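First chain A sits with chain B, and in the next complex the same chain sits with chain C.
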Partner chain A sequence: MSTFAIVANDEFKAPGVEIFQLPPLWEGAPFWLTKPVVLAVVSALGICLLAWSAFAKPKLVPRGLQNVGEMGYTFVRDQVGRPFLGKDTDKWMGLLLSLFFLVWIWNLLAVVPGINFPVNSHIAFPAVLAIIIYLLKIYLGIRHQGFVGYFKGMMFPPGVPKFMYVLLAPIEFLQNMIFAPFTHAVRLFANMFAGHIILAFFSLVGFHFLITHLTPAGFTLGVLGVVMTILMTAFEMFIQFLQAFLFSLLAAMYIGQGLHAEH
Partner chain B sequence: MGLLAEVSGHLGSIGYGLAAIGPGIGVGIIFGQGVQAIARQPEAYGLLRQNMLLGFVFTEALALIGLVAPFIYNNL
Partner chain C sequence: MTLAASLFTVASEEGNNPLLPHTYELVVGGLAFFVVVIVVGKILVPRIQKTLAERTAAIEGGIERAEKAQAEAQSTLESYKEELAKARHDAARLTAEAREQAAQIKAELREEAQAEARRLIEAAHAQIEADRQQAFVQLRSEIGRLSVDLAGRIVGESLEDQARQSRIIDRFLDELDDQSRERVGS
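Presenting the complex of A and B:
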């Protein structure tokens, strides 16, 4: 009780959605030129540079960046590509590898000191990536299985009692055509959004109780905030990697669904 | 009859609490059964982990939609 009584006059306010609403970079800049846009473009160029320096002149015995690049390549190929695409994996590695690295770097910017902003916490960025995969999936499905064959394979999977199709067909259609791309984008967005709010909250607790409103009673709370910030940063880094992995995993799965009928 | 009970503060947090129950149970079942399956069949680890992660992803999506929903309704 006493803690809150002391705090009450300069009340602590938890950060909300407003930390994502960033103004244009400078006065008079176009309204779309905000921090996440710049970060997105710069990190995309950075990945091009990384891929160029790692894979442009490959050596038989890899050194330096080529080592890192090949580590990422092997990981994406064995964990993301092969389980879903099988022998088609090599054809799609360019897309999957750049998707994985792009999403990961965009996520990773949340914990880079001085930047501290996950690009994917704006729904527009994951949405564009998800829409690209979605269109690609439908294009591949119609091209490889035919228009009728694709939708038949999707809505009427074999090996189910006939009367079940009444239920199954609309559910499968909704799942594949609407929910799949929606959750594909929202999963990444919501994870980064929630993670950023959690980090902002705990670091603000530390800042508020240790620096701006230092009181004997609030001190413990402030220390707790700092400790939690460190722990959650580590946890966030794990989540960021996991989400990038899952995003490219689902992309590979959707591409695989387009290439081959379900069995 | 006076007021028996009242809820104040952010309803969205209560909504998210409710929305997290189902996915919480689901994720628990997925990883519980997944670990059990790995213990019984350690050589199938790669296959099991793959399917575990897929199931986790689809279940988790529900919780995340629950997280986003209050923000959507606030802006409507």
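Presenting the complex of A and C:
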């Protein structure tokens, strides 16, 4: 398990899980004061600051940052909220917009030079967001459909032959109550985790073969590593956006399921 | 940097499963999300929603105003066109009337002038006839007297007999008449 990235001899070792295990920021700092914790808080404050300068005093004719903010807002409203929430979208936009931008910025830090760490590659961050949405979904479901109505609508969807419920009811229950929040969190976590490993691997290839162990034979490999790092960075930026979009989309879907029984 | 740091971590900590969340990260993540939801979701999103609604209303109002203005312009144009057509029609009618009147006046004037000319000619004719008659009567008596005188002198005797005298005169005059008619006729 404990593999060393750079060993004493000239051998190349691919980076592994250890790149996610970060100590406190300095010797003697509280155990919880680690890089992802600081990044998570700073990102949240940064989003608040940006949103404040964009939306604090909104103008009828938008200027500068308000334009950008409105683009983000209308994107989340039209692509994330409306497909699942329809007329209720405006009521939930505060939550969805916060969720989308927080997840996106947490992802985006993976490719910011000097930071290079996706907060969501630590499963606790996607997990806590997924748990919040999960609790909200159940709360809304029981409040709007009643306790019995909610679970009946979930486990016994109409339009299915009676004997199928023997099979369907437990599957639906497991799917909605156990798997949904788990996949919700793990999908985001795994994408960011894998993406970070890929970027670390290719940049280490470049670093190892071009700088620390430059040899004529390894040169091509080193150049390939650098090129792949650049390509994968672009690809990761796409994945980061996609996963943030998907995470908030699923949140909107779960909220919608809580508000209205499925048909 | 991360790599170098991770070396120490791995060395010091054991069993760091990436699928098991750290409690402190759960707390920090939840708090971070809570802060963003309060500041962005509760305070700022309603503001931008209000602005977007106001903008929609403003645009709708603007479109409505523009439509109204356009309709007004259209109706004004229609009425102007109508008036212009009416004016053209009136002008055409007036021109036709004037032309007709002019023709009528011309005809009347011509007729009047012709009548006047005819009247003048007739008056001239009558005058000429009267003059001629008068001249003729005068001439007749004059010629009669002269002829009698002349004849008396030639014959040497006065013609006492009135009847004979006038008969001679008449015959003479008739001859004169015939002569003059022949002259006129030739």
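Here is the rule we use: the second predicted complex is superposed on the first by the 254 of 263 C-alpha atoms of A that agree within 3 Å, B and C clash if a C-alpha of one lies under 4 Å from a C-alpha of the other, contacts with A are read in each partner's own complex, and residues count from 1 in each chain.
The rule is short, and it goes like this: a residue touches a chain if its C-beta (ideal position, glycine included) is under 8 Å from a C-beta of that chain, and two chains touch if they have at least 3 such contacts.
Bear in mind that the values here come from a model prediction, so they are computed numbers and not experimental data.
In the superposition on chain A, contact of A:95 is made with chain C only, not with chain B.
Of the two partner chains, chain C is the only one that A:128 touches; chain B does not reach it. Looking at the shared chain after the overlay, A:17 reaches both chain B and chain C.
In the superposed model, A:187 lies in contact with chain B only, and not with chain C. Legend: residue contacts after superposition of the two complexes on their common chain; A:83 is shown touching chain B, with no touch to chain C. One of chain B and chain C touches more residues of chain A, and that partner is C. Of the two partner chains, chain C is the only one that A:44 touches; chain B does not reach it.
Residues 17, 193 of chain A contact both chain B in one complex and chain C in the other.
Those residues of chain B whose C-beta lies close enough to touch chain A in the complex are 46, 50, 53-54, 57-58, 60-61, 64-65, 67-68, 71.
The touching residues of chain C, counted against chain A in their complex, run 2-3, 5-13, 16, 18-26, 28-33, 35-37, 39-42, 44-52, 54-55, 58.
The part of chain A that touches chain C in the complex is made up of residues 1-6, 15, 17-23, 31-32, 36-37, 40-41, 43-45, 47-48, 51-52, 54-60, 69-70, 73, 90, 93-95, 97-99, 101-102, 116-117, 121-125, 127-129, 132, 193, 200, 204. Put simply, chain A touches chain B in their complex at residues 17, 83, 183, 186-187, 189-191, 193-194, 246, 249-250, 253.
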